[in-house]
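The following pair of complexes shares a single chain, subunit A, combined with subunit B in the former and subunit C in the latter.
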Partner chain A sequence: MAFINPKTKEVQTKIVYYGPGRGGKTTNLEYIYKKFNQRIKTDMVVIKTHGDRTLFFDFLPFDIGKIKGYDIKIQLYTVPGQVKYDATRKLVLRGVDGIVFVADSLVVRREKNILSLKNLRDNLSLYKKNISDMPLVLQYNKRDLAEQGIPLLPLQTLEQDLNSQLKVPSFEASALSGTNVAQTMKKIVLMTVASLQKQLI
Partner chain B sequence: MFGQKELDGIEEILQKDFMDLGVHSVVFIDMAGNIIANLDNGVMGHDIYSLAALAAGNFGAVSSMAKIIGEDEFSLLFHKGEKENMHFSKVMTDFLLVIIFGNEVSLGFLRLKVAEAIEKLKLILEPLQVLD
Partner chain C sequence: MVEEKNGSITIEVEQRLDELFGDSDNSSFDHSSHHPEFEDCSEALPFRELKSAVLSIDWEITDDAINRFIKQLNEIKSGYSKNKIIINMIQILNSLAVYLKINKGRAHPNTMKVLKSVFSGLEKVALSKKLSESEKKKTLFVEVEKFKELKQQIIALKADKAKKTEAKPTEETKSKVKETQETHSDSTIHMISEKAYRSALEDIKKFIKVEFDKLRKELNMHSS
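This part shows the complex of A and B:
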């Protein structure tokens, strides 16, 4: 849960990028780090294995300005997507305020997307949180690969698999080229901050 | 939720028990990685937001390891460096006290002060948990 500090007039809020392994969660944060580097005062924290896969999490804090006199500090995290790192995913979800689910558009990853979303639902329930009540944005990543003739899941299939019940905002994106990366982030920040605003009296 | 009074109380404990002892920096965080209070000697200039995120994640990982070997938890952690050392202590179930200190501060004495400070912090934190 976000921490609101009435003494320093600061709000710290946690947004987690979730999704299957190799889906582009870290690439989203790397793009944001490059694009908004004037607003980000610190280095991005990355904990990777030797194989360049996320081992623990990535962490990127930045300020988005003031709301009702409070400085809003957004803390972006990724989780490791590989199935075996479920204990770590649970740790990173602790106190989450908003989630971006980064789905992989590759046809061969269809099942992994569905399983990862189910895993998110299950892990949130450990913290007594319901996915339907949580600020959530879906991102269908790697859409640029269609130009290279790589078979991608049609948008309708992704929507049906992942968003038919949730009905949350979704974006087609390419984390590598940056297409809709900032838009995805802005949307989840808006939704998360809106859900916090009622606490900022 | 923390109010001005509680935050003032926490800072006072951190100042008297740790900063006055000569530690370089003390950060009080929750297990989600949020910073509740932080004080430093004005020299260090650490990236405390990253530090808090890593400390919370690290402590969570260590707690999970404790459970694997049949312990409920390891309530403190200590990392020794050449010039800087870090001491982590769990405070109740949801909070973590992170102290960065040099070799001029005795670890044994610091541990005594940590135990005392945790009892004082509990007096502030427990009523908040009842309200939640």
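This part shows the complex of A and C:
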């Protein structure tokens, strides 16, 4: 649940980028940070462990300014995708308001996408949250690799595997080149704000 | 997307997001946007594979990831055997990979930074068409310096660890000392008991001799 401070008129929303390891979650945040740093005037925090590997999470906060007198602060998080870091994922999901599920379009990652989505469903249930009630956007990443002859999952397959029940907005994207990175983020912010407003009314 | 009663806020949020993140990317997919600085895609493919291996190692240092990285390095090496700058960079990357394979999580924390930096240099030198020969040499020089600096840091770290080990006995050393002391005290006990055994044996011998002497005397008395 978002943090709302009526005294300071501040709303903090937490959006988590979830998905299988090496799917491009950090690359999404890095792109947003590099591309819009001048406008959003923030710092990206990367929590790393020994050996300089990203094992914990990345954090990108930014302010979208005052809306109806409230200062809206957005916090973007990523989680480590590898199976063994489930404890970290659970922790980062605490108090989540919106989720971007970054799926890997590579054919060889099909099963990992499905398992990761199941893992998200399970971890949300720990906080008594249902994935179907949560603002959620799917991003099918690495679509640019098709041009290099690397076999990718067709969109229909990705939709069938991941979105046949959820029926949430989805985007084809390339986090590396930035294609649809901001669109994905804008969509989840809008959905999250709308959902928060619904809950507060 | 949003219900009408929420409309005004979401419209405002949407406008604000467009101001902050507008004109950023294409809603239709743009294939040509990938690595525009690298003109030849077929040449870039082995480096893309190598980059994938670098990212795998960056994520987690495993034998599989490092072996894949070394294999990819060798493949690139065979295609650039006459290019000394590239061969030198590959050698540096190979040394770093071997060091990581041996030390894994205990490797110096700057190793991955240097590895990624040398890889970027290699990618730049091999794929950028705009780079002059002197710029390529300069890139190699910068990466060699970083590699040398890392070597010094590793040596310093090892020396520091050795000093600490000398100054403060580790648990292993402590247990070895204890073990030696125990062995020493065991052998002392063994030596003492052997001495006591010998002396007891001598006493028994003396006692038996005395008893036999007495018996002999008694027998002589009876016979006489």
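Everything that follows uses one rule, which is that the second predicted complex is superposed on the first by the 187 of 201 C-alpha atoms of A that agree within 3 Å, B and C clash if a C-alpha of one lies under 4 Å from a C-alpha of the other, contacts with A are read in each partner's own complex, and residues count from 1 in each chain.
Operating definition for what follows: a residue touches a chain if its C-beta (ideal position, glycine included) is under 8 Å from a C-beta of that chain, and two chains touch if they have at least 3 such contacts.
Here the structure is a predicted model, which means the values were calculated and not measured.
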- request: Specify the outcome, clash or fit, for subunit B and subunit C once both structures are aligned onto subunit A.
  value: fit
Task: Using the touch definition from the top, say if A:Asp144 reaches subunit B (first), subunit C (second), both or neither.
output: second
Task: Count the residues of subunit A touched by subunit B and by subunit C, then name the partner with the higher count.
output: C
Message: So in the superposed three-chain picture, is A:Lys35 touching just subunit B, just subunit C, both, or none of them (first/second/both/neither)?
response: second
Query: Is A:Gln197 in contact with subunit B, with subunit C, with both, or with neither (first, second, both, neither)?
result: second
- prompt: How far apart, in whole Å, are the nearest Cα atoms of subunit B and subunit C in the superposition?
  reply: 20
- request: Spell out the residues on subunit A that touch subunit B in their complex, using ranges where they run on.
  value: 1-7, 12, 14, 42-43, 45, 56-57, 59, 61, 73, 75, 77, 87-88, 91-92, 94-96, 199
- prompt: Which of the residues in subunit A come into contact with subunit C in the complex?
  reply: 21-22, 32, 35-36, 39-40, 50-54, 62, 64-65, 67-68, 72, 82, 143-144, 146-148, 172, 174, 176-183, 185-186, 189-191, 193-194, 197-198, 201
Task: Spell out the residues on subunit B that touch subunit A in their complex, using ranges where they run on.
output: 1-4, 7-8, 30-36, 47, 49-50, 53-54, 56-57, 60-61, 64
Task: Spell out the residues on subunit C that touch subunit A in their complex, using ranges where they run on.
output: 1-3, 5-6, 8-10, 12-14, 16-18, 20-21, 24-27, 29-31, 33-35, 41, 45, 48, 55-56, 58-61, 105, 107, 109-113
